[in-house]
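Order as written gives the chain letters A, B, C and D; numbering starts at 1 within each chain.
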Amino acid sequence: MQRAKGIEVKSVVVQVAATLALAFSFTTVVVLLSGEPPLAAYGHIVAGSVGSWLKVAQVLRVWVPLVLCSCGLLYTFQIGLWNIGVEGQVILGAIAATAVLRWGAAVGAPTGILSLSLLAAMGCGGLWALAAGILKTRGGVNEIFAGLGLNFVAVGIILWLIFGPWKRPGIASMSGTEPFARELWLPTVAGWRISPYALAAALGVLVLTWWTLKYTRVGLACRAIGRNPHASFLLGLRPDRWMLVAMMLAGGLAGLAGAYQVLAVYHRLIPAISSNYGYLSLLVVMLANYRWVWIPPIAFFFAALNVGSIQLPMMLQMDSSLAGVIQGSLVLATLVVHGWARRRQRAS
Amino acid sequence: MHIQLKEIHKFYGPVHANQGIDLTVDSGTIHGILGENGAGKSTLMKILAGYIQKSSGEILLDGQAVEFRNPAMASRMGIGMLYQDPLDFPPLTVLENFMLGQVQGTRLSQAGWGAKLQELAQHFDFQLDPHAPLATLTVGERQQLELLRLLSLGARLLILDEPTTGISPVQKQVLFHALKKLAREGKTVLVVSHKIEDVEALCDRVTILRQGRVTGEMDAPFDSETILAHMFGTPPVAPPKCAKEAGGEVLAFRQVSAQGGRAGLKDCTVSFQRGQVVGLAGLEGSGQGVFLRLAAGLQRPLKGAVFLDGRDMRGADHHEFKRRGVTFLPTARLEEGLIPGLSITEHFALAACRQTFLVPWLDALKEARTRVERFKIRGTPETSVEGLSGGNQQRLLLSLIPPSPKVLLLEQPTRGLDVESAHWMWQHLLGLCDQGTTILFSSAELDEILMVADRVLVFFNGRIVLDVTAAQADPERIGAAIAGRAPDSE
Amino acid sequence: DEDFIFGLLLVGPYNDRGWSQAHYEGGLYVQEKVPGAKMIYIDKVNPADRPGVTIPQLVDDLVSKGAKLIIANSDDMKDGIREAALQHPDVYFVHVSGDDALSGKGPANLANIMGRMEYGKMMAGFVAGLTTQTGKIGYLGPLVNEETRRLAASTYLGARYAWTKVRKQPEDKLAFRVTWIGFWFNIPGVTADPTQVAQNFFNSGYDVVVSGIDTTEALVVAGQKRKEGKKVWAIPYDYAGACETAPDACLGVPYYNWGPGYVRLVQAAKSGQWKAQWLWLGPDWSDMNNKDTSAVGFVPGPALSDQARKALDAFVADLGSGKVNLFAGPLYYQDGSVFVEAGKTASDTDVWYMKQLLQGMEGQSSAQ
Amino acid sequence: MMELSFQVLMAGVLAGAAPLILATMGETLTEKAGVINLSLDGTILLSAMTAFVVAYESHSLILAFLAAGLVGVMVAAVVAGAGIYLGQSQVAVGFVLTLMCRDLAYFLGNPYSRLQGPQVGLTPLPFLKDIPGLGPVLFQQSWITYASVALIAATWAFIYRTRWGLELRAVGEHPHAAYARGINARRVQLTYALVGGFLVGLAGAAFSLCTKPGWGRPQGAEGMGWIALAIVIFGGWEPVKVALGTYLFALLQILGISLQGVLPSVPTQVFQVAPFPLMIFTLVFMHLSQRPGAERWAAGRPWLLRLMRLLRGTAPRALGQPYRQE
């Protein structure tokens, strides 16, 4: 038993090392191809993301929505669904939050309005995910295409709002709606670049997700159905309904991330409000191997890449999309190494 | 073509499906392979056709040792096989199915190949429309097409794996006629079957397999009793029976018809009493699987209704049946009954504990501990179920049954279990029936049915052809009914 | 002299042959002219290219690298730069094309600068009006706001002047249509595709397309159409070198020359003479294309005929001398209401805050 | 409303759809063989960048197209290798590649943005171009447009009229059965994944060398890969219907701009997302019309029946399923 564990640990270490080696040798070759010094590039990314407290605060600002979306994705991945529609769910959350704030700006009572907007965002994101879920369980549409389609529809809706009913007076522009008054910003502490409430909420969601997945029937049902829907059905679960529940939870958390983008980052609704976090969080969860413990560090690492890579154009005239190349190649390398290890295992 | 198989072994992981099989088939004969479910017939045939690779052994064609690495190589040597699960392409047309795998070059000359197909079909009196989608054909017609395709490919040895299941008597006649004609023309034919009557009508010689070994060989004319004995083994000594007297009616079928399996279920009316142990015998797919699923509410009848305690259950789903005391255990344990990746405790938390929002993990763990001990499951509550052996998986499934179910439906409950486990399991189940549970179970093994059941239903082609109490049950009569020779069936 | 670091936030790529490149070169000019001045820039500062990145965040970064003055080159950055200016009261900020200093919404460390591109656009319109064979001129508009409305209107006025006064054609035979794509440059799936818009213009009989967006799609498509043998032209925007893309289709380019204005602001900041001023800098009429003095210019393109070139020179001279003022009344908005009464001329603020497109132009005046 | 003559509109649709046709035909081939290459959106950008850079450096359009095709092949090889041979989820691998190739394209292409590079010109077809009316518009196109039209016919003929096409369909339906007939199912899947990838790569080149010439961020082809994937489903995996779907999309895009004047309250952007709701609608429709009783229910409504027949299409049964040879 002990020995088997030792071998397992060793093989995990070997796999992780192989993954890192594969991914970073690829990105290094890519950087060399672009004719720039790879070490300097990596150095600038590190310095630009954790070089000062200000930078760390910026990383945390990206970390919050990534963690929220990734936690939501845990439910859907557990139940065996590929919820590619997070992006749209973030957008709908942002729209709902904006709607409440616009309405509430006249009403007053900022704290109440802010809380209400968070609730609305979760509800709206959840419903948007529910739509994909219903298309999957009742309409026979693969959740990938349902989610993707709804992402584009969400973009259509947000554009229509920004161009139409919610445009700035006399202006039709991609630059978004009129910014909200300061009392409708998520409160922050003087000198901080990140709202402590947001940080606390992200940590709270992380703990809550862990607790839900581990101790409640939701987690158990998701795990069971994801691994064997037929047996789960025979053991008394209703897979379709649980799938909808999982989608709603994922959508709700994505919606919360959308509200965060509006309340704490942009203070208005912009077309790119989701900032690609929906897609990025899918990568985070895949790299985390669908386990909640790995989400905070990986999300932090990805956020650091996003923030740190802004140094590349400033310092080296390099394009900052290197961050995405690193993120993608890490996940790809994980998939390849994992598949290869399984193949070897099967062969032996 | 003269075929000789020597000492063929085949392992599927731990499963030893063929255990040193020797077989000789003479040129120009029709040779039957008989055996119960899981005897290893298909495995042997697939090895001969190159579809799977043998673990060890030797194949001689006309005295020459050969090795096939894939079906293409076997096909080039003149071996063609009609697989048990049809390996054809329903969305493509008849002609496309015919051409696929034998056209050389780039162009598909529809006209040329169509003519060839028609010519061959005429030779055997088959009626096939080359341009119809294959999906619109009956099983029998699909078989005919496959046969023509193999012949057109130049097959000299034809292997047919259970060709008579799911086809009509008329088509069966057409098929047999064609096979006999082929044998006369010098082709060798290997037919795999469960059914003695088919073999009697067709074969010159049979080989009988049981649990991966050859148990007998015989030339025509055959003695069906000997064949049955070889197939199913000798009937065992008197089994321990449930002591309980039968009570009132619990479950009833009234003129139920349904689709599913090979034969579906046709117009079935039958009822069961409290405390009965009923064995459902029959070849796989003869209707007993559909029957159990209907009784569990997993499938809805096309016609008729299932009654539970006198209540019409039309419109109710499985969960409703479950609430009313029906429990169903499927055959495929890991595929349908258990959840790989979840631990034993988690299974109890799902199935056997209070359905509260917070999972009562402590209760589940306690429950798991006691049941692991009581059911002698080799594992700890934390063991994930795919790490359990087949027998232990079965014990776990049993341990998940709620305390005193009204009706217990078991699909092949002892498949893959060793004798000791099987006995232990029945002891436990019969204990349940002492408390008034009605048990319905299907089994491929007649011995098992005779051992524990106090009532036997035999299914053939979607109908119950024999319904007798254990006292009246005599293995020969049941065996004959299984093979479609029920004296009192139509 | 000690070092003076200034930061530049560019909305598009620094090498976009358009708006952002003009600013980038303005920054290089400052480095050259002001001793000790050093530029750090970040380009592609827009939420589509840099999702999740905000203006205050980038300003923090520039400030931490020692920047004492920060220039934001897009209308889009208005809210962000105001927020950043409040967060960093000891750093100077310049918002290009904004009006915070005029409207008083911004803090004291925030100034605005803009070029009087109205003149450049009039010249563009003028050569378009001179050249068009079909009498149909297309305007590839970015998004709708005050700035873009007044620029489109200036183009129209220039074209109308050429059409009616120089070519003596009836006014109602001139079609001038504005199609807005929704942003300063193409964001696939978000904005309308400018390539497609330009193609639609040319395909439906518009033979001159004037670009109001930051990138050169109009000229690229015109170049393609020329290769197909069509007689079409385009007028790019923003950047003096923009004609290179397809010289044979280029009638000329109105462009900005940010260098002199930037130098003025940088020197004000360096010497402690800073004011929260609103600069709207015009061309140097004595030499519109003088790098050191003129904020706005117009380079005639290779496709412009000699005759038209002469007419253009005369037009520029008249504009400079004040003989021609295209913002003289009577001018009407699209809905028929009065923009400038007969006998009056529009003031700077009238022009700056233009509320609609003018009568005679087709296209949306604002989002519906 | 802009006045577009019917011929000009048609020519615009033909030319505008050309790159997408290359991509959708490629993906149709790949999916028919049972492999789903989800990476199209990234592949198109990466190959567009490659094509532009190669054309810019070498001044050879042929070389540029080949290089772009090669990029498509390489990306498809990763999808197929990890999916078919390593048993990983094709969807997961494709999705990661979508994001990564896009960033890779922006990163490597950065020094080449907004440069003037070679372009594919027009090749008027002799004689045909002189047909009055249609000739001058339909037969004065780039050779990519002609090639795209020819590709539709070729794909159709290949799939339905050749042995290889038959084998391709067989593998996508039932790889085990194909194996029993002597077809190396894995090799067929790999082959058509690569062929499809090659065509998708060419689509990228067609964007950056012809339809939206030049490289930059954004290039303009962003999102087209997703649209291509949607159209393949919309067209029910039938090359001709897929092509019709592609042309429909191109038409919507062109009309979307013209409609700015007619329907000012609908932002043009809405037309950009139109293919997706259409795809979802089609999928739901397919699903519902396959239900027992649907045909009976539609019997009284001939238009519905016709729509059902038109939109009916079934995915290759083995699509995306890992196939393990025994």
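Here is the rule we use: a contact is a pair of C-beta atoms (placed from the backbone, for glycine too) under 8 Å apart; a residue touches a chain by one contact, two chains touch by 3 or more.
Remember, predicted model here, so these are calculated numbers, not experimental data.
Peer 1: Counting only C-beta pairs in contact, which chains form the busiest pair?
Peer 2: Answer by contact count: the chains A-D.
Peer 1: In angstrom, rounded to a whole number, how far apart do the mean CA points of chain B and chain C lie?
Peer 2: Computed value for the inter-centroid distance: 79 Å.
Peer 1: Measuring centre to centre with CA averages, how many angstrom lie between chain A and chain C?
Peer 2: Taking the mean C-alpha position of each chain, the two centres sit 38 Å apart.
Peer 1: Find the geometric centre of each of chain A and chain D from their Cα atoms only, then give the gap between the two centres in Å, rounded to an integer.
Peer 2: Result: the chain centres lie 29 Å from each other.
Peer 1: From the C-alpha centre of chain A to that of chain B, how far is it in Å?
Peer 2: The computed centroid separation for chain A versus chain B comes out at 48 Å.
Peer 1: Which parts of chain D, given as residue numbers and ranges, touch two or more other chains?
Peer 2: In chain D, the residues touching two or more other chains are 217, 265, 267, 269, 272-273.
Peer 1: At least two other chains touched by the same residue of chain B: list those residues.
Peer 2: none
Peer 1: Can you list the chain C residues in contact with two or more other chains?
Peer 2: Correct list: 44, 48, 180, 182, 187, 189-191, 364, 368.
Peer 1: Output every touching chain pair, sorted by label.
Peer 2: A-B, A-C, A-D, B-D, C-D
Peer 1: Show which residues of chain D lie in contact with chain B when the two form their complex.
Peer 2: Residues 161-167, 169-170, 173-174, 176-183, 314, 317, 326 of chain D touch chain B in their complex.
Peer 1: Of all residues in chain B, which touch chain D in the complex?
Peer 2: 49, 51-52, 70-72, 75, 81, 83, 87-92, 96, 99-101, 103-108
Peer 1: Provide the residue numbers of chain A that touch chain D in the complex, in ascending order.
Peer 2: Spelled out, the residues of chain A in touch with chain D are 30, 33-34, 82, 84, 135, 139-142, 144-146, 148-150, 152-153, 155-156, 159-160, 163-164, 279-280, 282-283, 286, 318-319, 321-325, 327-329, 331-332, 335-336, 338-340, 342-343.
Peer 1: Considering the complex alone, what residue numbers of chain C touch chain D?
Peer 2: Those in contact with chain D are residues 13, 15-17, 44, 48-49, 177, 179-182, 185-193, 195-197, 199-201, 203-205, 215-216, 220, 224, 227-228, 244-245, 362-364, 368.
Peer 1: Touching residues of chain C toward chain A in the complex: what are they?
Peer 2: Touching chain A: residues 40-44, 47-48, 50-54, 56-58, 60-61, 64-65, 75-76, 78-79, 143-146, 180, 182-183, 187, 189-191, 355, 364, 366-368 of chain C.
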